[in-house]
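Structures given as structure tokens follow.
Here come two complexes built around chain A, the first alongside chain B, the second alongside chain C.
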Partner chain A sequence: MRFRSQLTNIATFTKLTASLSSLGKVCWMRLEDGVVRFTIIPDQGTQVWAQLPVDAIFEENTYFLEANSGVVNLEVPVGALHRALRSAAGATTAQIRLTKKGNIPLLALTVLASSWTAGSNALGVTDADRPGQGPPERSGPRERETLIVQEIPVKVLHESAIDGLHEPRCRDPDVHIILPSLIQLKSISERFTKLATDATATSGSVTGLGASSPRLELSANMHGSLRLAIATDSLRISSVWTDLVNPPLDPGQLSQTEIEQLPSERMRALSDNDEAAWAKVRIDGKDWGRVLSVGRLSPKVVACFVHETALILYVYLPGSWNGEDSCLTYYINSYAA
Partner chain B sequence: MATLSFSLAPPALLQLHDALICLAKFHDTVAIEAEFDLLRLSVLNSSKTAYSAFVFDADSFFETYAFGISGGRNARPDKFACQLYLKALLSVFKGRASGRDKDTAVERCEVELHDETDETECRLVIRMVCGLGVIKSYKLTYEQTTVNHAVFDRNKTLNQWSIDPKFIREITDHFSPSAEQLDVYSDGGKAIFTSFTTKITDGKEVLRQPVHTSVAIDKRDFELFIVEDNLHVAIALKDFKAIIAHAETAGAMITARYTRPCRPLQLSYGFKGVKSEFTLMTRGESSGDDTSTSSHAVPELSARQTPAPVQFTQSNAPSKTDHMPPPRSRSIRPLTGTSTRATETNPDSQRPSASINFDSLFVPADDDRQWDVPNEEEEEEAEDVLGWDATADQDTFNASLGPRLQDNEPRMPTQDATSRDEEMGIPPTQRISQLHGLGLFD
Partner chain C sequence: MADAEPIFTAVSSNAHHLYTSLQCIGFAPKATVQITSDGIRFSAEESRVVQGLVFLDKALFTSYTFNPPNTRNEEDQENNSYNPCFVVSLSALLETLKIFGVNDSSAPNAPNRATSVQPSNPATSSAFTTPALLLDRSCTLQYFQDGSPLSITLTETGVKTTCELTTYEADGGEMDIPLQRDAIIMKIIMRSAWLHNAVTELGATSPTALKISASAQEEPFLALSGSGGPFSESTVEFSVEQGSSTNAAPQPYHKVLADDGTSRARAKRAKLAPTVTETFLVSPPSSMGSRITQSYRFALIQKATRAMAAANKVSIRGDRQGVLSLQFMIDFDNGATGNVRPGGGSICSAVTFVDFRFVPLLDEEDGEGVGNLLE
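And now, the complex of A and B:
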């Protein structure tokens, strides 16, 4: 089993691992010909299934993969991977490869970075024992090179270990809508969560909430509106965004009649004053904040609401590569009222 | 009875504060020693593996400095020593010299020692003379004590490098925050710094293992680099970072001196009337174990120049990498290991400033300890303890390393972190003693 590649778009890779690491400690990294997939399945909270074309983060002509099944499955401590990648910021070249030290498989990230020195330095190898090293040599400003090797311990997952892992399946969504600016959404969500936390803490009524963070109520309709709300015993707040886009479905994939039968089309038929036109989910405030950390990649996010069941986010990364191919899918379960 | 009073100008106050911050990273009590021409602050960490000292020159660092002592209960007629709770001392200086509030900024700091034999409490009085006639006084209780110093003989060091701490900080920035140890070696034209952690790695734990990071920089980045190739020494990363951070604020070129693994390493630098020295115990194998390189052998000559205990490790080291010690000699250990060492070294440790030109006479011909099963219970106490010299005057500072220093035989877990060969096998065994050995990070 072999894998090695030069990295491209190191910033993207770094940001991606940063947002993944906020949701889980370990990540299943699946390397295939042409496609890389990162999956996070925490015990509790949001699942992420991220699929990227190889050239989104790896240099395609150096991407080398060799495995019996054509697939390499790794369990990677994603936080450690993220930290390691930060060493590659401003790197001249960066290479990642699967290797082994003793019995521990590793992802070794080799980074060559260079900077300029200001002053002159002496080469101090004038040890009397080694006269062959030559006289000290002085130099003015020069390029200095630093070679950094980060060795991230990983686990190679056998096919059988991942057989049971499947991407969640959901019924067709009731509402799909493009989310507004994630940073705005994030700060308002955090504000609400904090207010609700403070309110429950001061009023002392923690019934039903327990130690967990407050539940945000997120709802949307097919008329371009998104509502973020939170309610506790002492307060009830909501923010509404309007004039958002409900993206049309790709007519190439579904026939006109199929589209007409979708729940979202039924929702579209309802008037926007009608409460029934809103598809609603209840989500954990803190977890939602971590999900929104993907905003650092400045993506386009389509949120699909399955009323009272789940929220699915399709996060499309910007960039020169084929935008539609690289998609991070977040599966967020709705809590019962 | 001793009298001590000195005053500091704002820049010196800032430097004193920086030094205290650095010292606080090692332990919670600071020893203050006053002599006629200097003031020394030193801290020894609880596991006695790191000793740090700042020496402030009486003339160039202080605005005024007066010290007097008269016999009595003092063991040494020419110096006074006490210890203070470092946090208490630090809080006095906190934010004082920043000059945020221009009007009431500290203009001068006066420190006076009240060592009255007829009073029950000894006090160190610190007065901050601020603008607008504001005077803030602090009285701190101190405790008279005798101070231990790590002794380190600079003349005996075989390896030495000097570098701008900025470059080193750039290196340590790449390390994982949870990494505990730092291994340093050179290979060809490169100096390689590797962070690692000695911990059991099995099963699920593997993924929790900190990332091993190795950073190679050109030897030309050093002002001076005289180091035996492929000689690995390892020190505690936390200590190293604390030192680098201070050296960088002080803007001083930092120099490392060491002989070999399992012997102390000293980092030192000086600036504006301040000399700082940090003596750290190193780990590693005293002879190279890197199977992929051939030039690792430690010269015999240098081995003979160093105190006897090193020879133990040297004779031990080859066996460590190759075989598991058979259990046979476990019961023998106290005899061959501890007691041999005790009888060999004690005579010398009692005269710390004596010559250290031991030769192989002191080396036991047959060292059974190499077969021992590592016994962490016993070694917990024995490992990595520095040698001490309680008399600590200037010449013993430069004198020999106390032979009481005891050696362990840790294995280098990262023999060749930069090797790109996948075939490069690293022996997976790890001595249990390493896990609890230092008590530093338990």
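And now, the complex of A and C:
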């Protein structure tokens, strides 16, 4: 079993691991020919199923994979991977490969970085014992190459270990809508969460052990509106975005009659004043904030609302909007009222 | 509910002014709100020993409508006027106002004049904010009828946020800390930053009490000292600049105070006054001698720190009973935002006053006249 590749898009990879690491400690990384998948299934909270074409993060020419089944499945501590990648910021080249130290399998990240020294020679050593003898070309900063090797211990997963893992299935969504800027959505969501936390804190321990974070109510309709709301004893606050896009479904995949039978078309037929036109989910405020951290990749996000059941986010990385195969899918369960 | 004319509607194009003013009294979780035809008054207090008060003049708003209903309660008959009064969660209100402009790239509180001593006002505008982009924003405060929530609507491009703050009945005991305006014995006006720096400096040793000492006759003319902390006592003295007082023979300077503390600041400068003060009037009653000293709980004074940082000027007043009033003036008009306000809103300087009042610490020896203050 072998794997090695040059990294091509270190910044994207770093941001991706950063937002994945906020949702879970370990990540199932599945390397295939042409496709890389990252999956996070935490005990509680949001699941992420990401699928990227190899060339989104790896240099295709150097991507080398050898396994009996043609697939390498790894369990990666995603936080450690993220920290390792951070040292690759500004690197000239970076290579990742699967290796072994003793019995422990590792992902070794080899980073070659060059920097300018502040001193007059490459090591920054002053040669005070040879006054006046320094040749003129030795003064001034010099370029210095640094080689960094980061080793991330991983587990190689056997096929049997991942047989039971399946992407969640949901019924057809009631509403699908393109989310506004995630950065804005995140900052407003965080304020709401804070407002609700403060309010419960000041109103005393009436609920006692209910130490869970507040539930945000997120709803949307097929008329381009998205609503984020939260209510406590002391306030009721909601933000409404309008003029968003409900993306049309691909007519190549569904026939006209199939499209007409979708719940989203029934929702579209309802007037936007009608409360029934809103599909609603209740989500954990803190978890939602972590999900939205994917905003740093400045993606396009389509949110699919399954009324009172689940929220599914399809996160398309920039530059891959048309590429079917580069998508992060977030599955968020709705809490009961 | 929406059909009926609301009792009160105010629209501002700059929620930041509201936020800057209100966060000055953000030390308490709840605030009492009173709506009048001239503006809105927010007051917060703690244990009846410190009180903060912000009056948002209607000139701060682009539109301000107050329609007192005709049906009057018996309680309102004394003034023949109806001024709704209720309590809201101040922390929630502040957090809501912060949502406004939440995705501005530049930090609104970044000092825009780094070289200045003064912690500058939260930048109403700087090279990095483009006021033209703020035109489609508004912040609306509404109060429909007695008992309805206070609603705050923030509108920005594409997003509309509505917050309905539950209004609680004000407990009737809400009472201002009395400052005897006819018995003011000390009035000092200076740039607020000086006071802020001094209090911050003293706060480093975490004292329990702040002593204000002022004299019109001998140095130090004005000194603030912190005592009672785990460390030694520390004092900040506002000195007289050498050059200005070299050959000025020390002569006692007295002036009878006007009872309204307003803008007579630039009238005449006392010779025997710290350089930083614009007005320095100290006239202790004969029983006190020439020096006024009064102590306050340091932790209480620190509650006004945010106001000290935000304000341009402060007027420090003390009355015969030792009640301390810090009146802060926040001038919003040093930015360019006022000039581009849509709808020809008032370009006149938008000034807000924030008032703090403190009950003094009783001195064991000479507590006379102070003990009955709260009765």
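Just so we're on the same page, the second predicted complex is superposed on the first by the 306 of 337 C-alpha atoms of A that agree within 3 Å, B and C clash if a C-alpha of one lies under 4 Å from a C-alpha of the other, contacts with A are read in each partner's own complex, and residues count from 1 in each chain.
Just so we're on the same page, contacts are C-beta pairs under 8 Å (C-beta built on N, C-alpha and C of every residue); 3 or more make two chains touch, one makes a residue touch a chain.
Owing to the predicted nature of the structure, the values given are computational and were not obtained by experimental measurement.
When the shared chain is aligned, chain B comes close enough to touch A:V26, but chain C does not. Looking at the shared chain after the overlay, A:S187 reaches chain C, while chain B stays out of its contact range. When the shared chain is aligned, chain C comes close enough to touch A:D243, but chain B does not.
By the touch criterion stated above, A:L195 is placed in contact with chain C alone, chain B being left untouched.
Taking chain A as the reference, the larger set of touched residues comes from B, when chain B and chain C are compared.
By the document's definition of touching, of the two partners only chain B reaches A:I104; chain C does not. By the touch criterion defined above, A:G164 reaches neither chain B nor chain C. In the superposition on chain A, contact of A:S87 is made with chain B only, not with chain C. Counting contacts by the rule stated earlier, no residue of chain A appears in both its interface with chain B and its interface with chain C.
In the complex of the two chains, the chain B residues touching chain A come out as 161-162, 170-171, 174, 176, 190, 201, 206-226, 417-418, 420, 422, 424-428. Chain C meets chain A in the complex at residues 29, 88-89, 91-92, 95-96, 98-99, 102-103, 149, 158-166. Chain contact summary for the complex, chain A toward chain B: residues 25-26, 75-77, 80, 83-84, 87, 99-104, 106, 110, 117, 121-127, 139, 142, 144-155. Remark: chain A residues 180-181, 183-184, 187-188, 191, 194-195, 198-199, 202, 233-243 touch chain C in the complex.
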